[in-house]
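For reference, the structure I am asking about is given below.
Each chain carries a letter (A, B, C, D and E) given by its place in the written order, and its residues are counted from 1.
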Amino acid sequence: MAGKSEPIPTEHVAIHPKAGAIQLALLAVIAAALLLAPQFLYPIFLMKLLAFGLFAAAFNLLLGYTGLLSFGHAAFFGGSAYFTAHAVKVWGWSPEAGILLGVLGAAALGLVMGAIAIRRQGIYFAMITLALSQMFFFFCLQAGFTHGEDGIQSVPRGRLFGIIDLSDTMTMYYFVLAVFVLGLLVIWRFVNSPFGMILKSIRENEQRAISLGYSVSRYKLGAFVMSAALAGLAGGVKALVFQFATLTDVTWQMSGEVILMTLLGGIGTLAGPVVGAGLVVTLQNYLATSDFPVTIITGVVFMVCVLVFRRGLIGEFFASRLGRKLGFRSES
Amino acid sequence: EVSDGKVKIGILNDQSGVYSDFGGKNSYEAALMAVEDFGGKVLDAPIEVVTADHQNKPDIASNIARQWYDNEQVDSIMELTTSSVGLAVQALSVEEKKVTINTGAATTELTGAQCSPYGFHWAYDTHALAVGTGGALVKEGGDSWFFLTADYAFGYSLEENTGNFVKGQGGTVVGSVRHPLASTDFSSFLLQAQASGAKVIGLANAGADTQNSIKQAAEFGITQGGQKLAALLFTLADVHGLGAEAAQGLNLTESFYWKRNAESEEFGRRFLERTGSMPNMVHAGTYSAVTSYLKAIEAAGTDETEAVAAKLHELPINDVFAQDGRVGANGRLIKDVYLMEVKAPADITEEWDYYNVLATIPGSEAFMDPAKSGCPLVTQ
Amino acid sequence: MAPAMTQTEPRVVLSARGLGKDFAGFTAVNDVDLDVEHARIHALIGPNGAGKTTVFNLLTKFLQPTRGKITLLGQDITQTKPDKVARMGLVRSFQISAVFPHLTVRENVKVALQRPAGLAVQFWKPLSSLDRLNGRADQLIDDLGLTPYRDHRAADLSYGRKRVLEIATTLALDPEVLLLDEPMAGMGQEDVRMVAEIIRDVAQTRAVLMVEHNLNVVADICHHVTVLQRGEIIATGDYATVSADPRVRTAYMGTEG
Amino acid sequence: MTAPLLETAGLQAWYGESHVLHGVDLHVNEGEMICILGRNGMGKTTTLRAIMGILRKRTGRITFAGQDMMSVPLHKTARAGLGFVPEERGIFATLSVEENLMLPPKVAEGGMSVAEIYDLFPNLQERRNSPGTKLSGGEQQMLAMARILRTGARCLLLDEPTEGLAPVIINAIGDVLRQLKQRGMTVVLVEQNFRFAAKVADRFYLMDHGTMTAEFPVSDLPNRMDLLHRELGV
Amino acid sequence: MTMIFGIPVAALMGQLLVGLINGSFYALLSLGLAVIFGLLRVINFAHGAQYMLGAFTALLLLTVGGVNYWLALIAAPLIVGLFGAIIERTMLSRLYKLDHLYGLLFTFGLALAIEGTFRYFYGASGMPYAAPAALTGAVNLGFMFLPVYRGWVVVASLIVCLGVWFLIEKTKLGAYLRAATENPVLVQSFGVNVPLLLTLTYALGAGLAAFAGVLAAPVYQVSPLMGSNLIIIVFAVVVVGGMGSILGAIVTGYMLGVVEGLTKVFYPEASNIVIFVIMAIVLILRPAGLFGKDA
């Protein structure tokens, strides 16, 4: 228990020189699939998937790479959705300005929440973020601009940069896809950067990192704010996709859901959270019209994941023989 | 002639969350009953009912609604419990040009600023609840009020509306206290209400909050002390859950009661047979909504949205739920609602026989005048 | 035997005056004056529980002193935060070894090199921007004989090598003052000798303050010895002087040594 | 001659995939004190952990007082009379010094009394109400040792008991060990401090890469100095 | 009439008492949480579900088996404790060697599954449970009308809290438990059956939650979701008290109950965030919590 517990994994995918071609091919297939997907699948559903995928990836930036489990990420996601929706609908801002406001708002929120929460680690941190996001939930419940139970409805998608009409579903899809790819690139760069290296070492041995002269709390706060901002990006986009912002996205259950997505796909992997988000969203959609009670299934999936499937889908894949053959190396 | 050769109705609501007893799976049963009673066919086309659990998430609801409309030839979606879902699906249906009939959500926004040419609001709304309980109770002698209000928009609007009717009838509001949503303990607030000396304590909250307030009010001897409790949103299902012991003497408003007349009783017993519980206004409302929609198709001779919506606006609504009901230009069904009082346990003759109907409030009083609703579709 | 003095004039780089620390009514350190000089190895010895580790914690600001004043390179650091102190050039090792277990040996060293190289907050740069630190890292690794383990994870190293790695990481910061808490505890004889050599080497250009119970090593490489007992200094001077002190003999050495 | 109190034969052990002990044969007679020498990482600690049953992935044979220990669950090894003082000491932070001391249940009569223990380690008495891990490194080592002396274990497995201790305390521990031997206690000692071990042990084992490569009594020590010099750098 | 801040003293006294009653539930629940966290290092997200299970078990015992309140007060915690023991033995115990966060995630899933199951079978709106005849009615204290049952809640929770505190902080068994938290293997090597100890601990925590649930059944509607929101507040209570501190959990529970009660009088809108606000302030001033030891 104390001391030598197995940590939350971080997988590092290193591209094997020889396997580079296979991986590039894989990447090309994924890219093509994403570009063509709306021809076959429901665009709104796909956009939802991308938005949640980005949200989960942003969340994972914190959990997978700094070992901080936030139980309050819904505040950034849902908060940003409100900010964006309000700016676009009430103030008539353009969509990009609205999303930017959402991102900045989420980052500011992250700064405040993070500054309080990073004073403690591990489960303490989780509990504190949970409590703080709960405060934010009550704020949203009561604040006039959120319209309480009704939510902000009928948000216009507007014109991107004043030119591109986003009310067209396909246009909107490619816009969301672009934002998604951009978000993932930012995360990838962030993780594989000198800053990311310091984060990793802080996770491994905080005292030692301090004694090497790193002001640990600033690095953690930096990662927290970054994660919050990206979660905000996802939230802002989601508000435009669905054209509303409601309380559901700021509840603690939503914070729990994003954890499930990440866990299911693979903590500490870049693709895992996206895959996990896809699964959860699909499952919820499927269960909506089936006779299975959603909560029970979600709960059981959670338990099974933790008990036998901790690496998540992508994590297990990387560790599998096929994964290794394809040139993925898992370091954990 | 009917598009795709059949008429398909979707019942979209919460079937696993906090509102699952309010409408839930039983609303789907109500819709099935309506279809069966209608004969299973309209304009010779078969009628089908599908259902989904939106898990109280507007995005899931919105996704399903789109899929239903685009891929599964659903013609109309009904029930739509909870405001955020109701508004979202109604807005989407304007875009998709489909009829929605909301029987589960309370917000007057549906037929107010965010009204839709194809959107209808059927069973009740916050305005009717406020008039029913606030206005009618004053006439019964409850002329000084204290509110226990859930601290969010829904609570405020219930309190404000009700307070206005209380004052309009010559009553006074002596005070109010706002409690957080999902509080477990109401004793502090109840003590304040008790101390205020008001004759009526209005519970401007919902669900578990209302249940717990009522239960704890009994514990603190509030009703024995001569004060009356009035729940502003409470249905038969809630009374059943709470038990008549704790609920006795409670006043509330519903737009349906199964034991009100022979016809409703017959319907109620059939419903009980199928579901194990008696219908509340949401269930009966859903039955009525489906029936009215089918009648409108029949009258229009087509299931084309514009024509059906026009017929719905035009035809009088007469069924077990509504007598001489009519639909306002904003989509609001205007019908009578009833002020109830929960019987003392000793007076209850059979299970589910909870209410005395104290007063009938005519639809024109209960519901907002469409012209004043703020709906942009209403032309003066 | 004490090493020959090559220094012309001693330069004090770290000093403490009247340093004290109370823990809930218990005085762990009291009225300690200490001067650590450039290019000197200074030993802090004393019985268990004398307060040596506590003094280290105070000097590096991992603990806030109850009393007294600490000066590093002429600056008062009594109120400074520990990471800042480290950036000013005072770096410590821990009594219980501290490495980054899942990083490789080379990565461990590079983490320490990153900050001085100004490559710590760059979240927009690729990881390969750190490649330019490889040369310096490999040099250090080689100096300490860790080259065969360069790509091993630190967790897989034996105890002794972990300690050597810790010293390598510490040296990577090129600190002005090095604080080593029992660097040889639990090491086999061979390693003890190697580490002693390394310490002697690095001390040529910087100040070293170390806690050590292995008196052979102390006698061998330390220029100056301070003996602590019950939080107070009972003797200070070179090894010969200190070890002759009867108080030190009864309190610390016993019949051995 | 009677059978040894503790004996292992062909003891092998693994940490996960890594094979650390490759067949350790060792015996300790009742009342004897043996010492295992060896460089870092050769498997000394692992041997003790495998005997104690803390490391469960093991094969071979371990007998203690005529009982086969391979199938005995961990919480019953102590009751058989084995006491273990781990290298990392294992002092509990949430317990006071005295609670730490009193923690292990008594398994047999004949252990030291608390008064005797405080006599031996005055530091502990002085700090007895503070939390265990607030002790200095050396004080923790004393506590770890003291804790087992109370339980009445017949056979002690001591992993580097002098690490981090001041010379005076090392002397004191030497005295304790000699006293214990007089009382008939059996001890398996793992030590880096050869000078200390030479003063207390009856017999030595030299360990290299998971096997015992040499075994000799203390009387043979002068003849073996070369070997030790070569192997350990003593 | 004497007034303080515009509130009659009598009313204030009433509110203080009501706060104390609520505090009793907080104390009991946070105690159970603190026991499990302190000894197993698991944040028991299923605590709210176990509280609900306690209430439901009492209800089912009554409706199905005709078991009265007093028996249920003992039987329900035992049944839920047994359930907890099974969960611990078969599943939770496999997570101890992992990062503590997995324990939290597992129990989070467990909570969803339990609550989902009950909601599936019993609906969301819940059922009534009547207080035992001996405890119905109310006494007039002059400044307020105190339901007898509420008085009983305070007494019962105080007794149980003190008992558990004594067990863990003052007995040998408690010392084993605390030590086993830090280094189970070592404690086991001393001859203590640690796995059994841990199972009992989880059972104790779950049983405490169930006890609170039975106490709550006559006061609140017995519903599948009764614990799901409460648990978040209780987490905050535990954080304020200092995670793992048994005494901290108890004292803070009562204290915050009273503070919350007073907020309901002076500024009711803030009453459900006041605990979170206090939590934030405490964390800034004393990161380890009011009674927590610095890590």
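The criterion applied here is as follows: a contact is a pair of C-beta atoms (placed from the backbone, for glycine too) under 8 Å apart; a residue touches a chain by one contact, two chains touch by 3 or more.
Here is each chain with its UniProt name: A, E = Branched-chain amino acid ABC transporter permease; C, D = ABC transporter ATP-binding protein.
All values derive from a computational prediction rather than experimental measurement.
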item	value
Chains touching both chain C and chain D, listed by label	none
Winner on C-beta contact pairs when A-E is weighed against A-B	A-E
Centroid-based (C-alpha) most distant chain relative to chain A	D
For chain B paired with chain E, centre-to-centre distance based on mean C-alpha positions, whole Å	36
Distance between the centres, which are taken as Cα means, of chain E and chain C, whole angstrom	48
Centroid spacing, where centroids are CA-atom means, of chain A and chain C in whole angstrom	43
Approximate Å spacing (C-alpha centroids) for the pair chain B, chain D	77
Multi-partner residues of chain A (at least 2 other chains)	7, 138, 142, 293-295
Residues of chain B touching at least two other chains	16, 151, 180-181
Residue numbers of chain C (touch at least two other chains)	none
Complete list of chain pairs which touch one another	A-B, A-C, A-E, B-E, C-D, D-E
Contact set on chain B toward chain A in their complex	16, 50-60, 62-64, 66-67, 70-71, 82-84, 87-88, 91, 107, 109, 114, 151-154, 180-181
Footprint of chain B on chain A - complex, ascending	42, 44-45, 48, 138, 141-142, 147-151, 153-154, 238, 242-244, 246-248, 284-285, 287-289, 293-295
Contact footprint of chain C on chain D as seen in their complex	39-41, 87, 123, 127, 130, 134-139, 141-142, 160, 163-172, 192, 194, 232-234
For the chain C and chain D complex, residues of the former touching the latter	23-24, 26, 45-53, 95, 158-161, 182, 185-191, 193, 213, 215, 250-257
Residues on chain A engaged by chain C in the complex (per definition of touch)	7, 189-190, 192-198, 200-201, 204-205, 207-216, 222, 226, 331-332
